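Going by the order they are written in, the chains are A, B and C; count residues from 1 in each one.
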Amino acid sequence: MTARQAPGIGSVAGIAAAVRSGEISARSVLQSSLERVADLEADLHCFNAITAEKAMADADAVDRLVGSGLDPGPLAGVPVALKDNLCTEGIPTTCSSRILAGWMPPYDATVVSRLRCAGAVPVGKTNLDEFAMGSSTENSAFGPTRNPWDTTRVPGGSSGGSAAAVASGMVPLAFGSDTGGSIRQPASLCGIVGVKPTYGVVSRYGLIAFASSLDQIGPFAATVADAALGLEVVAGHDPMDSTSLDLPSPQLLASLDDGVSGTRIGIVEDFLSDVSPECREAVVAAGEALAAAGAKVDRVKIPELLLGLPAYYIIAPAEASSNLSRYDGVRYGLRVDGPDAETMNARTRGEGFGPEVKRRIMIGTYALSAGYYDAYYGQAQKARTLVIRAFEAAYRSFDVLLTPTTPSVAFPFGSKVDDPIQMYMCDVCSIPSSLAGHPAVSVPFALSPEGLPVGVQVLAPALGETVMMRVAASLEAAAPRQARGPVTP
Amino acid sequence: MTEYETVVGLEVHCELATATKLFCGCRNAFGEAPNTNICPVCLGLPGSLPVINRRAVELALRIGTALNCTAQRSIFHRKNYFYPDMPKDYQISQYDEPINLGGFLELVDGSRVGIERAHMEEDTGKTTHVGGGGRIREAGYSLVDYNRAGVPLVEIVSRPDISSAAQARAYVDELRSILVATGASDGRMEEGSLRVDANVSVRPAGAAEYGTRCEVKNLNSLRSLERAIGYEVARQIALLESGERVAQETRHWDEGDGRTHALRSKEEANDYRYFPEPDLAPLVPDARLLAAAAEGVGPMPAERRRRLSELLKAGPEPAERRDGSTTDQVVTVVDLGLDELVHGAVTAGADPHLSLARAANEAAANPDAAKLLDPIAFAALLKMESSGQLSATQSKEVLAELMTHGGDPARIAASLGYEQMDTAALDSMVDDVIASNPEEWQRYRAGEEKVAQFLLGKVMRATKGRANGKLVAAAFAARRSV
Amino acid sequence: MPTPILVGAEPFSVAGGPIGVVVLHGFTGTPQSMRPLATALAAAGFSVELPLLPGHGTSVADMVSTRWPDWSSVAEAAYGELAGRCDRVFAAGLSMGGTLAIWLAERHPDIAGIIAVNPLVDPPSSSFRDMLSGMLEEGAVSVPAIGSDIAMQGAPESAYDASPIEPMLSMFDGVDEIAARLGEVRCPVLLLSSRTDHVVPSESGDLLAARAPGPVERVWLERSFHVATLDHDAPELEARAVAFVNKVAVPAMSETERLISPEEVRHVARLARLALDDDEVGRYAVQLSAILEHVDAVRRLDTADVPPTAHPFPVENVLRPDTETLSLDRETVLAQAPVAEDDRFRVPRIMGEAP
């Protein structure tokens, strides 16, 4: 274990305040960030693209606003990393796939526009499992990202690049996407905070779709407060996304430090078996810490939640198989020629997609195909209802639920990539809340005996972000400082 | 030789006359430069999402009402298949929960054709095949224009109630009128606003089971539709008569050689893997949508024809029918949107049959101008004709002038010199002609009707056409009986 | 100082998937002769061990003191290596390598299958052996080479130019041993026999086909000589070997009935426009079956009164006004097109009409 704690370049809130007040320049903050990137990127490979020039221009623009006495916004000068499945106008957006290598969107995702309007400075596009399918970032067509805590191990996935960028102190804020755990699991493996909001709270417009009824964009940061600030800036209704809830952005910061006195917290027993000892112990310890802080902590059994994994691995690939049909070599991206259009399509997709993507497209196609729809997709949508009902029942007795974020700490490269089922099991604790559309957050809470970070997951009912983040803040306050990043490898 | 009956079901795709596309704000327009009305959504760029156009929903509901369908809660489904004109390689359509269910359409002759459903879906782009004479099978490559991709469509599916090529044509004709009348479509088949596919099968007369059906595509006009169905029915009958089976397949109508051709057979039927569209919320026809759908929509063609016919029953039967049958006139007048004019004229005192005739024949020559005619002025003119003040010829001329420049019929008549000839002058004319044509007059008095025309003609020539034929004839008749 | 290994004669090892194949070269030969087959098997996702047999691949002098037990123990070790980390292990070999593969199968009934290319199975006559012994007594150490019996021009085998006698006689002892126990070869066998083989007579293959109690699939190679792995029929040989492993391994993999067949995989791949070669089809059939097995719990749920959930939240009538917004600049869009022509996107000819 060679990773050591590192200060990073500052907190989101701190940087924004300092830049707004003119105390420091956005340019200088960016300099620090880019220097750190230059130091560590060769070892970690967090980025598919680093947009230094554009970032300088953005930072200078922020400084000009401050100089003119204007307010650049709540994220003034904050360097931010964006997962490479978020569309950024004029900047290659590849989903870490050969099929989109070099493609430049002609528009910005809504989240990206909102970040820029808030004064944030995008620094680059981060690596991911191809098309967000995976739990280790090993499925990237451009090589894996390494965990800053131990570079022989994975950072988790699919948002591994964003997680590692924050965990190594390159940027204080990053954004990823979460479909079955792709923000929370890497957050846990990298010792940082990762939030998946309620489905519909953050606009999906410009997020390259994996599974439409599950995908959500969310923030990574070293602290709960920073993550909350990031989420507040991007959340809220977007008319360009029909699934976006007609609500303003949730207010999280105001009550963040109100404590957990009287809050009813349920530890989900079903997720305590089949996880590694350190992950189980972290949850138990977390429960004790919250009880000591005045919460009412109890155990609860919700066996229906275990249906989540198999239901997810039908629904997500089914929607993905349709969402990924558009990559056909006709309008953009890779084209591998053929004597006719159909052959061209098949060759393009055969060469452009990696094996995990192909597996999921095929499972999804199979699950939707004639004769199998009812047995697989139809049943899975019903299993989804059972999961939602089970949560509803639980939330009558509890305000939030507590589980491990993921069954293990960061694992070595190559140890699961040949066994798809093993890899899918990484998501067993995070999937149920995705199916229900509920919010969830991973908070770094402990270190394993080998010194690797262990996260604990807080689940809340739909639109329960406020209580969820309040509990997360309490957990953070009770956690040992060395359990969280940033670290230097 | 067995008697066969024809069974036809029609699928009509109707482009909605909205300003923008179904899921995005790109312009919905025909004939513009390729790929100039595209955006991330209708191009299906990664990360794009659809948002439903309210007006398209209103028009879809409107069509459903016009076809007597039941409007219901509906959702969109994805229909998955690969084709270069499909930006997402799936089409957002409706499957088992469409917006309009059931219904019927009444043809001009009073027969009814059932409607299964009328659902919403997005249109595809347009492919042009290059090389090999523009036909797919021999083409070298294809070029795709996505201007049309995402244009809102309503697909109207009839029950297989149509039993002849002629009836199929009548169905599409009436449907087109209805769609235009609702304002949902501009009805321009030649621009692709309306596209028809026909499902054709035959069976021995009286048989209970349906025969195997073939889908016939590429029907670009009413004429093609009728010809293609005729050909296809004959083809299928010939097969059955020679002991062979009809293969279920899709066939392409070739206007050039007047036949349908089987397309390259596919290894397997398409499996569209329909599933509910996760990016869109369900549609519920609430009060607001239904009100907007109904707003400003008048009665449908069938209803208007009925009302016009009712109007005619009220007046006396005309002495002669020189200008075509009443039924044809009713159809024409409604088709051209001139029925309001006729109603207005009749309300102002004009004779119903005369109003109808003049509207169907003369006014129809310039329907756009005719729509602007003031019904009161029209009525005044018609009354002048009915009372004999103006001859038919004169009336038509005044009408033409009225349509071109508007104005007052009496003044126009005067300016054209169509003033009424005073009775005394007329009488003296008549007497003059009698006096100068004694032999013909004797023959007329003896009862020879034919010679009346001769005498009439003399007066008309002498008065340079100013005399009112009816009055002249009456004058002769009066003298005869003296 | 040990003689350096001849170029191309290095052993070859690939850690692949859970199916392993031991690949063995022949007498006086080297891994070079088996490289193409080993590579094809590795590309198909299998784990491969292709050892260099003792005394081989350096110089004839090194071989003189080696014997059948030396080679068989290396074969054994390679098998052990794979058996330790694979679910199923196959054995493949050319000539004496084929003999060794049979030897392994006789010792290890759990070996899933054998691929034998022109194996030596029928022991040579005693008169031939006597002749060789006689030459030994007269001081001869080796006889002329048996290597490079290849029909294709320009495809030499890296092999010794002489065959040492004592090792050869030892090899024949080994052949005696395996020939006597052919009744124990119960696993499926893929036997590839060159029609024209100037080194091993066809009686060897006949004997194996006749005596092995398990299913024997015999394929005649019409255009190759003895070293068929480097000859005209090599591509077919490799394809058949891969297909054989896939076919044999797959039903053995899952205890329950196989949930998705290669045919279904092909069908699904066609629907999804994914070009897959035969190896991929086989591999995905295995993996997809495993996934389907994993999600099977959902299929068996009792959901009689449970409605499906398409959306986490019930929203309705999300609509936008019918007002025009800015379209994209055509040049920007077409600049990203793989092929554009005439302001439109160009594609190769379309075979069918739109549904």
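Here are a few things to note about the model shown:
Here, a contact is a pair of C-beta atoms (placed from the backbone, for glycine too) under 8 Å apart; a residue touches a chain by one contact, two chains touch by 3 or more.
Fair warning: this is a prediction, and the values are worked out from it, not measured in the lab.
Chain contacts in this assembly form a complete graph, since each chain touches every other chain.
Among the chains, the centre nearest to the mean of all shown protein C-alpha atoms is found for A. Centre-to-centre separation between chain A and chain B, using Cα means, comes to 57 Å.
Inter-chain spacing, taken between the CA centroids of chain A and chain C, is 41 Å. Separation between the centroids of chain B and chain C, computed from CA atoms only, is 70 Å. In chain C, the positions touching at least two other chains are 271, 273, 310-311, 315, 318, 320, 328, 333, 345, 347-352.
Shared interface positions of chain B, i.e. residues touching 2 or more other chains, are given as 40, 43, 51-52, 82, 84, 142, 144, 271, 273, 278, 280-281.
Within chain A, contacts with two or more other chains are made by residues 103, 106, 213, 239, 242-243, 321, 325, 328, 330-332, 341-342, 345, 365, 369.
Chain B meets chain A in the complex at residues 40, 43-52, 78, 80, 82, 84, 87-90, 142, 144, 271, 273-275, 278-281. If you check the complex, the residues on chain B that touch chain C are 18-20, 24-27, 33-40, 43, 51-57, 75, 81-85, 124, 127-129, 131, 136, 139-146, 217, 250, 252, 263-264, 266, 268, 270-273, 276, 278, 280-284, 286, 289. Chain C makes touch with chain A in their complex at residues 17-18, 260, 264-265, 268-276, 284, 287-288, 290-292, 294-299, 301, 303, 306-313, 315, 318, 320, 328-329, 332-333, 336-339, 345, 347-352. On chain A, the positions that touch chain C within their shared complex are 103-104, 106, 199-200, 213, 239, 242-243, 245-246, 307, 310-311, 313-314, 321, 325, 328-335, 337-347, 349-351, 353, 358-359, 361-363, 365-366, 369, 375-376, 378-386, 388, 418, 420-421, 424, 435-437, 462. Across the complex, chain A meets chain B through its residues 86-87, 93, 95, 100, 103, 105-107, 109, 204-209, 212-213, 239-243, 318-319, 321-322, 325-326, 328, 330-332, 341-342, 345, 365, 368-370, 373, 377.
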